[in-house]
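Chain IDs A, B, C and D follow the sequence of writing; residue 1 opens each chain.
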Amino acid sequence: MTQSKKIAILGASGYTGAELVRLISSHPFMDIVALGAERKAGMEMSEVFPHLRHLNLPKLIKTEEINFNNIDLCFCALPHVTSQNIISKLPNNLKIIDLSADFRLRDTSEYLKWYDCEHQAPNLQLEAIYGLTEFYRDSIKSARLVAGTGCNAAAGQYALRPIIKANLISLEDIIIDLKTGVSGAGRTLKEGLLHSELSEGSHPYAIGGTHRHLAEFDQEFSKLAGKSVKIQFTPTLLPVNRGIIANVYVKGDPKLIYDEFEKIYSKEYFIKLLPFGETPSTRHIRGSNFCHIGVTGDRISGRTMIIVALDNLTKGSSGQALQNANLMLGLPEEMGLEMAPLFP
Amino acid sequence: MTQSKKIAILGASGYTGAELVRLISSHPFMDIVALGAERKAGMEMSEVFPHLRHLNLPKLIKTEEINFNNIDLCFCALPHVTSQNIISKLPNNLKIIDLSADFRLRDTSEYLKWYDCEHQAPNLQLEAIYGLTEFYRDSIKSARLVAGTGCNAAAGQYALRPIIKANLISLEDIIIDLKTGVSGAGRTLKEGLLHSELSEGSHPYAIGGTHRHLAEFDQEFSKLAGKSVKIQFTPTLLPVNRGIIANVYVKGDPKLIYDEFEKIYSKEYFIKLLPFGETPSTRHIRGSNFCHIGVTGDRISGRTMIIVALDNLTKGSSGQALQNANLMLGLPEEMGLEMAPLFP
Amino acid sequence: MTQSKKIAILGASGYTGAELVRLISSHPFMDIVALGAERKAGMEMSEVFPHLRHLNLPKLIKTEEINFNNIDLCFCALPHVTSQNIISKLPNNLKIIDLSADFRLRDTSEYLKWYDCEHQAPNLQLEAIYGLTEFYRDSIKSARLVAGTGCNAAAGQYALRPIIKANLISLEDIIIDLKTGVSGAGRTLKEGLLHSELSEGSHPYAIGGTHRHLAEFDQEFSKLAGKSVKIQFTPTLLPVNRGIIANVYVKGDPKLIYDEFEKIYSKEYFIKLLPFGETPSTRHIRGSNFCHIGVTGDRISGRTMIIVALDNLTKGSSGQALQNANLMLGLPEEMGLEMAPLFP
Amino acid sequence: MTQSKKIAILGASGYTGAELVRLISSHPFMDIVALGAERKAGMEMSEVFPHLRHLNLPKLIKTEEINFNNIDLCFCALPHVTSQNIISKLPNNLKIIDLSADFRLRDTSEYLKWYDCEHQAPNLQLEAIYGLTEFYRDSIKSARLVAGTGCNAAAGQYALRPIIKANLISLEDIIIDLKTGVSGAGRTLKEGLLHSELSEGSHPYAIGGTHRHLAEFDQEFSKLAGKSVKIQFTPTLLPVNRGIIANVYVKGDPKLIYDEFEKIYSKEYFIKLLPFGETPSTRHIRGSNFCHIGVTGDRISGRTMIIVALDNLTKGSSGQALQNANLMLGLPEEMGLEMAPLFP
């Protein structure tokens, strides 16, 4: 019988950290043996996240108090910059999945440009494997350090990677208009994230091509196309906690696009292609690791809209991380991730 | 001193009817003398809409019970098809503002195509003036029958009319990705409109160029451009009750577009152009007749996104109707419509 | 190795039916072999509940099409009245868990009084075991027919059973002020359940001692006390989909009450007693089978408030039903119910 | 013709400050001539509250920059403690309405007990008139300094003052179970007020008789009864921005109570007594200065529940303040406050 893997989570007091705990608590072959947090070290997890009070969890401690010798895999759910500093000090044979933005980009100058600071661990940046499971599965299996993708970046890539690769769309006219829940912004104290400011309304943000996940789109789509690809991307904040839904507008034939998706995604457990012309909803993937994809044509021929729905905290972040962890540890990829979405 | 105008509202048991009552209750020169409703005839307005219980309102009655002789203006907030049937039987010198879709299109074949039924009052369809106040002001002043615009159609036209007319954008590449509150669907008993189905999530609907407000876009933009213009338009349902926010993607120079908006909108009381690069929000126009417009460029040169926010029940429907009523009755256009939005 | 139990669910097109499917889909020893629905018979479950599209489920069929011979246990998630009619025609050796109100009351005259119709299967009403697991565990194990409790009735009884039994409170002054999510009203087409009517506000309903779950309180509390006990109970509708939180006001000593809860609930896996003076929240049990209980005193001595939070669809209904099914089938009580709540 | 009154608002960057601006912007005889803010001094109001961008408002400045000589009335919407310090330095003939807790209590020892700090302006505390308009109208008319009530305190008093005074209920058994929107907590950066923490759920807070508005209940009810009255009061946070709804449980005859309310409230413009047995809702008073009151009996005779709904930012705070300002300035009490609630 498989022996349980020993897991550490750094940054356990944030939403992606708590989501990892939620998911791993149902995983049959993983045990959480260490929970790291900086400001909240010394507290019980049940004080920081009372929804986890039924679990028997280790107390939150500082990273330096963790003994990594008997850890099989470490999730790092820290803010960017902090993440690279801490990971560069961890044992260099420790399997790590980083959920921050720090190891997503291969090019340090791009990191500097988008994140406005010099990278402190450029070697690790080169070593890291990009964590979009369905497209980097083989590399992830043998990776030591995997960089979880941006949640929006995941949604956009599920819509676009297959059809950029198959050369089915114009590369000049790609627009991602994406709506996202609030939890993507984390548990940060900002006036704009207060309930009174956010609920009962909606607005776009990071407009004009300034959202940092564009760096991932640029890197990945240009690699696939073999030339520089720049897309338009606008996120809009929804007054809901979880869920991303992206309308992706492209020029290309809807049927050819649908066929390509069928070819690529029919074998994927977590990616569900809807019947042609049907519309996904964030409500139908909430709390799960599933990603629903819809494809429709338009009354204008040669136009296609792809609609992608996923849960930013699960498939867009901690669920993806656990999926990758399963691969890195030789476990079945779906293990601990098969729960149905929560509706209503 | 101006004498109060006598107002009738047909369809008073729906949301746009109730919104008319709310607005008119603060209007210094209008009195509601008749409230029509079909299924709920015989009830008090306070039973149908308890938020109006402080008002001294006439009881709901059937249309045929209303004496239109001493009515100065009649608002018709009925479903389409019902609306044309009832309006065609009203006195033909009665000033009417129709809030349904029945008189928005000049071309009966377009009406048939989009609304899937033969128009029963084609003469009135020709007589009606399209009610987008800022662009049809002079005709509305002398009109007998005004057709209120679709709420989404209003939002899209505020973004696009000035720059189509000024020839500032490519007509082949216009995309409106619009998010709308639930009240736009009315007080209809549909499973998909239940709180349990709609809240805490989001999804697009009427995808693929099938939304009926496209008929208005086609008619108006083609007239402005002097040739057939077809745009892409996708609405997404927000889990909020009020508010529309539209991201309008065009190919054109952002500064020229901004300048044109400044020229056109600086004299408009209800249209507020935000400083270049700023983002409107539905929260900041809720319950008011204001429309906020933002303009931004993109990292890709020659691309512009226009963002329009308005309240679907107010500026997108009943507020617009009252603005037009003021014009038709020789009253100041803003009268009764100057209240500030409700935030938070 | 345990062989999988064959499960049928009648009323699969409602929320409690869908919740049963969600839960059972993670149960290691249950297989859903039949899904019954009346109006939606013939449809796929993925059309009725797209969040379940990843599951391989039988098509919805009418009850009469189901072969009950090889069913180990049947959940009945139908409306009351319908439920008694259908259950009375099922094989009389079939294990059944009914989620409706039809078999909760032992006294047919009470059923007539509260539900305003003559019971059609009084023998079954006598046979049925009341399904509040923690207090009827032994009877449930050997029961053939179990009646799931009302969701509000469950919440109130967790607060009151131990201290009524231990004679710790005045029986004359019990008030349950309970707040409940919308899904408790089911997937019913009522104007009052529309998003536009329900969201962004709150109101009590069934005021004045008229809510039907009072029948269960009367029955159970009177049995425990050995004399007639009548309490006050007011539910208030929350603009959220899931979750019940009850403030239960009693006259009694807070420390004695807390000690009694500790004694009774410390051995219960799903009931979590919070440290004295702490406050539960519906957010911390959402989507799970856990019930959080808080106890506080008041500045007025001799007054205690007990606060109970549970998910109406899970612990208050379908989760309770599955917990009971495990008992009836000889499986571990917690099986398939250990998932953590979904937060945020 | 009445000349416009010159108004200053201190604390204009908070929600009650913004609500004052919203309301006064529709007042025919008030002009806002100064807006004070401490941290946000130097900013335009449209930057701090973009929903007010259509108004022509003075820039935010520090209190010391305001010339109070030509101010007719000053609203003070600052946090408690700050408020007493600033008000004690204002000209002692300036008419002031304070919206903080600083001048609600006559007894400095009670202030110390509930607010945990020594009062710095005890003379002003004695001078201040309690601002519950309907019950202190005459004193307010001639007052120089009026202390706005707590929003919860207002709701509870509308339910209880008439029937305590008329000796219709037992004073030993009063329970207020109140639900309140989030905006009552202000625009404060606290983790618990984030959208991700608050939305989609509910929980009580300040349990056990610890909420500071109890100080107002104690003071006012004891004064009315002529002896010490202590009630139980539990607030529960609703995931909505505006609105309070209170279930008030008393022992007393429902018909006598209803009659007393009719006697007291029938002449009040803003207090609407619903027909016996009907239920108010926060949705039906949102954004307005109206207060809806419902009364019901119970199946247990001699028990009555009173239900009060008001908007915490309007009738519970800034609307009340404007109502009082009208009285202090010799204007009609309802002026600028007659707008209908916003629904949906």
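Just so it is clear, a residue touches a chain if its C-beta (ideal position, glycine included) is under 8 Å from a C-beta of that chain, and two chains touch if they have at least 3 such contacts.
Remember, it's a predicted structure, so these values are computed and weren't measured experimentally.
Student: Given the two chain pairs B-D and A-D, which is bridged by the higher number of C-beta pairs in contact?
Tutor: Greater number of contacting C-beta pairs: B-D.
Student: For chain C, which other chain has the most distant CA centre?
Tutor: B
Student: Please report how many Å separate the Cα centroid of chain B from that of chain D, as a whole number.
Tutor: Taking the average C-alpha coordinate of chain B and of chain D, the gap between them is 36 Å.
Student: If you average the CA atoms of chain C and of chain D, how far apart do the two points sit, in angstrom?
Tutor: Chain C and chain D have C-alpha centres separated by 39 Å.
Student: Which whole number of Å gives the spacing of the CA centres of chain A and chain D?
Tutor: Averaging C-alpha atoms per chain gives centres 45 Å apart.
Student: Going by the contact rule already set, what residues in chain D reach two or more other chains?
Tutor: Chain D, residues with two or more chain partners: 15, 182-183, 196-197, 199-200, 239-241, 280-281, 283-284, 286, 344.
Student: What part of chain C is in contact with chain D in the complex they form?
Tutor: Of all residues in chain C, those touching chain D are 173, 175, 177, 179, 196-197, 199-205, 207-210, 214, 230, 232, 234, 236, 238-241, 243, 245, 247, 249, 277, 279-284, 286, 294, 296-300, 303, 305, 307, 309, 344.
Student: Considering only the defined contacts, which chain D positions touch chain B in the complex?
Tutor: 15, 18, 21-22, 25-26, 49-55, 182-183, 200, 241-242, 272, 274, 280-281, 283-288, 290, 292, 338-344
Student: Quick check on the complex: what are the chain C residues that touch chain B?
Tutor: These residues of chain C touch chain B: 15, 182-183, 185, 187, 189-191, 193-200, 239-241.
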